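Pasting the structures here.
Shared between the two complexes below is subunit A, which has subunit B as its partner in the first and subunit C in the second.
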Partner chain A sequence: MPLDTSTYNLALLRVDGRRWNELRDQRGQMGVQPSADGSAYLQMGNTKIQAIVAGPNERDASKTNSSASTAATAGGLGATVAVGITVAPFATVDRKRRGRNDKRLQEMQTTLAAALAAAVQGQAYGPRSTIHVSLHVLSQDGSLLAALVNAASLALVDAGVPMTDYLVACTAGSTSSYAAADEAADPLLDLNTQEEQELPFLTLATLGASDKVVAMVCESRVQLARLEGMMATAADGCKGVRDFLDRVVREKGEIMVQEGAVGRGEVVSSMDLD
Partner chain B sequence: MPREAEPSQNEKDFVLKAVREGHRLDARALDQFRPLDLKFGDQYGVADVTLGKTRILAKVTAEVTVPYTDRPFDGIFTITTELSPMASPAFEVNRPTETEVLLSRLLEKTVRRSNALDTESLCLVAGQKCWSIRVDLHVLSHDGNLIDASCLAVVAALRHFRKPDTSIEGDTLTVYTPAEREPVPLSWLHSPFCITFSFFGTVSVGEDEEKDIWLLDTTRLEEQLRVSSCTISMNKHGEICQVAKPGGAPVEAVTVLQCSNLALQKVKDLSDFVDQKLAEDSKRRNKGGLLAELSAENAR
Partner chain C sequence: MSSSTLLLSPAELAYLHSSLSLTTPAPIRPDGRSPTQFRPLTAETGILPGTNGSARICFADGTEAIVGVKAEVEKTPVSPYEFVASTEGRKDHSEKKSRRKSKKAENDETSMDVDEDGDEADSAAPVKMEGSPDWVELSVEIPGLRDDDSGTVFLTSMLTEALLADGEFVKKLWINRRFHWKLYLDIILISPPLSYPLPLLSLTTHLALLATRLPRLKSEADEDPMFDDDWAAATFLYARQDSEPKATSTQSTVRAPASRPPITLLVMAVGDNIIFDPSKEELAVADSAVAVSVAEGPSSLNSSESDPDSTSTTTTKRNLHLLSVRTIDPPSRLTPPGVPNSVNATAWGTMTAATAAAAATPAGSVASTEGAAKHPDARVDETEDVVGVWKAPRGGAKFAMLGAMVAKVLERGGVADEVLDGLEGVELT
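Entry: the complex of A and B
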């Protein structure tokens, strides 16, 4: 595989023609699954996620923390958020089946559950209720954790679960590998699979447009000096993603008003639909 | 599944209030580690780490096996963690808890994925024979900060380990016993260490300014009360091997950057500590200066 960095230095364009601070094409849709309490479909480039929210339901003690889903409690005595991730066998280029005890997925579930629990106002429901979020990875092309976070966030909004803000995530990488002590390395935003395999990168999840870090995962070797640039870029990306999610939610609200699902009453007027 | 006993409300309030005021129950500074001790066994590759009341034993073993078919030039390197009921009643045998999954993933990312051990050097005959290095980690006593202590134990044990010397003549591979040839150390590239920061919400400083409170090397009680944590793995050259903040309460980005700078200092301390202990151990083993004569290494 040709090194991405080798061509980058010439034209400052990445393998897919983006500049360093450009997000990939994003698409989102809410309410794609009528039978669910909340659902969303999100596309970040070629990473495609379907998220389904069930609940809040009464907690099923025997099912929490099994290998199929991982739970975390929101806001001390609040509701529990349980997250399950399924990766479709056709999601990657080489078709393969993943076991249920994949530790990488389990870790991702734990991270997601704890991160969502930080955004959800769990005390609105009380300690004996659980919100189930099941995430289905339909296609995988980099920034998987970030896309999962964003899709889950959108589905929770669709389900009407109260949250302090959108939980948004984005990845950022650095153009030179750890070996080169190259000070002029550029940070890159929103990596695809090819870039992820070659460059050090991190996933950052923030609460809305603030600089508050809810989750951060970096799995590659990178110089300490690069961290700041990568985090700043990722935080900028998070703001972009937040605007995008907000737009999706507002569009959906507008359609609901037009269709008459919601009357243009007190509730809607406070939403300030443009 | 037995659950861990939660601290009482009084205990919670007391600890949290003390932390907010900058005190800890054991009178440590907020960024101070508990007394750390590292002992090596009589055998090579056994490290016993004591951090306060947390105690962890790591043992390294090596055997000759067939490499994986998709990686014919690489040896096999595995880290297995076991949290037995001996460490805490909340752990069960053969049922990995979330703590265990996270711990093994963190060690995997810190030591294995960062290429601390050169797995290519474990290859003996490409596609046919290679060394399989296995680290078994046992938590003997759990009083918080398992991650940092485990990582230290794994790194120390691997650096202490010596594998039997081998030679290849034609098609025959000879593995020498320690009596025939002095065992050789593993090809070790860098020593990563984990530093875990535990967050306890914010305190206000001045007008509209809020500061995140964080502790290093938390005890079990403090760990049960923290709102989120962030583990940063680094080597002494300032290379980050892994960062994990798995959800929990949000923390300012600036705080994370400050933490990573402090982590570098702490990693340098830990690195020096392990170097010193290894030097002491090799001195102890090298009675009469025999090792220098047995070694086949050239002075470069």
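Entry: the complex of A and C
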């Protein structure tokens, strides 16, 4: 169903009632899977991701080459990050089964593996180890790649894999797709499926709150003049996402201190938990 | 059976096997459970609002599965015989019913009545409600495995088989003569396959189906179906029993008795012991493993006319019936065998005194080269069981053992009862 974007200019409100720079409701949880080395559940609007991290393990030559996951090496001679994405057939409104050889999924795996490899300090483990990140998309409502990046980041934190900073991602779009309204076009933050189908958008991944871009994916035609605005908006969104992820991690840390799993000030000395 | 490899030495396997085959007090399981005891699990339903029904179960060993059920309206292809059949339908139907009554197959009969009485439109004009196995599509996704992997395909077919075995399930998907629901069951194992995931997937599917709701039908008879927009008015695929079962027992059976989706349990045998809910370590020494699918018919409390005992017992009795039994190739087949000392070249020094003396009589050099020939025991030890030496089991389950396993699943107050009781406690949202 195409989205009627013409109403945006009337009240400057989007179809779901957000303003241009508002993120959707986000929820996150760490350690949802006791048998995994690290796990996280992340919800960005109606996009729901469960991420499982296994490893670092000894590299399994037979597995890294399979189509189930795509690998990228972190930090030159460091550990390899292998990413596998499964989209549940019931994730979309109309049921749709996606095979493992789905080109779009494979491309996302490659992007994700490269982006995560840039954030992970792989040299801590050495070249013979692999970190497997498997991501399950339970519900899909736009900003899929961004949500996958954030969920993977959270799960890696849970697994205790050293990273330079949170790897965070966010999407940004532009209100109209035609050239005439260049001046009136507003950038939009964190698109949902409806908006993604109609509007040009890009996914931007940055390293924490810095403006260091780790990955950028844009698959739609967009006016070059609008690109900068979209990127700036996405980078702002990434800061918001980073704050959110940080909050989730701190909450988890507080719980761990309360439960006595970690002594206060012992490991979490740099965190301000009061 | 493609669970991750287990690192147990033949000696450990032998020890595990012998402790599990102890009979006098009870088998000793590695985690101290009794043979019929299940591990605790956490379950929730209705986790995905975008589906008709969904459930998530976490087992204590950390494996986790999510099942989502989606339904679509599909047109039923009309066969050219349909119209001929419909004119004779009334006669045919009543005939069939009486025949079934005479067979005294109470399960079938009562649940048939449920389906027919559940829809008022049907009882007015008796229509043969038929389902087709094509109306259900089930897919299993296991991380790290291809979807055409033989293990995945086997799991899929076993779960499908249980669902379709008695033909009652697909009848629930009947809308009218021209339309039906097509149900997609998508089963996803979230965690890596640490143990054989069949029971986990089956229980999660059970819960998801219990939580599945279909929009309420507003149109009548064979019109194009129209549904109520209000999700709150949607009807459960498996009709609920009233909250107070005692009220229904005094009245006649007005409410539809709750039948429930099938469950498939994994049962294994070690020696003469039957062990339920085996862990990965226990499966590695199983003599045989069997998947037993059980369905619950309408509880016998409602059909109290036929069964006078049910009035005396206040609790509802389950009406369990067997759907299918499948033997499963246990991973124990692939375990490496231990080597008895008598044939182990590196263990010549540790031979028993008698054999050592026998070996010492000829010249020492001959003893080492012709050691095996000198000991008739060695040949026997290679082919037959030696106490304390692990050997992968051969052959399938014994008939008597199969029967005992099935009986143990089905017995009143038995394991299936217990599992269903436990799942009943899960709040459906």
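Following the convention adopted for this analysis, the second predicted complex is superposed on the first by the 263 of 274 C-alpha atoms of A that agree within 3 Å, B and C clash if a C-alpha of one lies under 4 Å from a C-alpha of the other, contacts with A are read in each partner's own complex, and residues count from 1 in each chain.
Here, contacts are C-beta pairs under 8 Å (C-beta built on N, C-alpha and C of every residue); 3 or more make two chains touch, one makes a residue touch a chain.
The structure presented is a predicted model; accordingly, all values stated were derived computationally and were not measured.
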{"item": "Overlay on subunit A: subunit C relative to subunit B, clash or fit", "value": "fit"}
{"item": "Partner chain(s) touched by A:A151 [first = subunit B, second = subunit C, both, neither]", "value": "neither"}
{"item": "Which superposed partner A:I52 touches (first subunit B, second subunit C, both, neither)", "value": "second"}
{"item": "Which of subunit B and subunit C A:H136 touches, first, second, both or neither", "value": "second"}
{"item": "Which superposed partner A:R104 touches (first subunit B, second subunit C, both, neither)", "value": "first"}
{"item": "Partner chain in contact with A:L116 - subunit B first, subunit C second, else both or neither", "value": "first"}
{"item": "Greater residue coverage of subunit A in the superposed arrangement, subunit B or subunit C", "value": "B"}
{"item": "Contacts of A:C170 with subunit B and subunit C, given as first, second, both or neither", "value": "neither"}
{"item": "Subunit B, subunit C and vertex subunit A (Cα centres) - angle in steps of 10°", "value": "110"}
{"item": "Partner chain in contact with A:K212 - subunit B first, subunit C second, else both or neither", "value": "first"}
{"item": "Smallest separation of CA atoms, subunit C relative to subunit B, angstrom", "value": "16"}
{"item": "Touching residues on subunit C, where the partner in the complex is subunit A", "value": "47-48, 50-51, 54, 58, 61-64, 66, 68-70, 72, 139, 141, 143-147, 184, 186, 188, 190-192, 194"}
{"item": "Subunit C contact footprint on subunit A (complex, rising order)", "value": "33-36, 46, 48, 50, 52, 54, 63, 68, 84, 86, 88-93, 95, 97, 99-100, 134, 136, 138-139"}
{"item": "Touching residues (chain side subunit A, partner subunit B) in the complex", "value": "65, 70, 72, 103-104, 106-107, 110-118, 178, 202, 205-207, 210-225, 227-228, 231-232, 235"}
{"item": "Subunit B to subunit A touching residues, read off their complex", "value": "98, 101-102, 104-105, 108-109, 113-115, 228, 230, 234, 238-254, 256-257, 260-261, 264"}
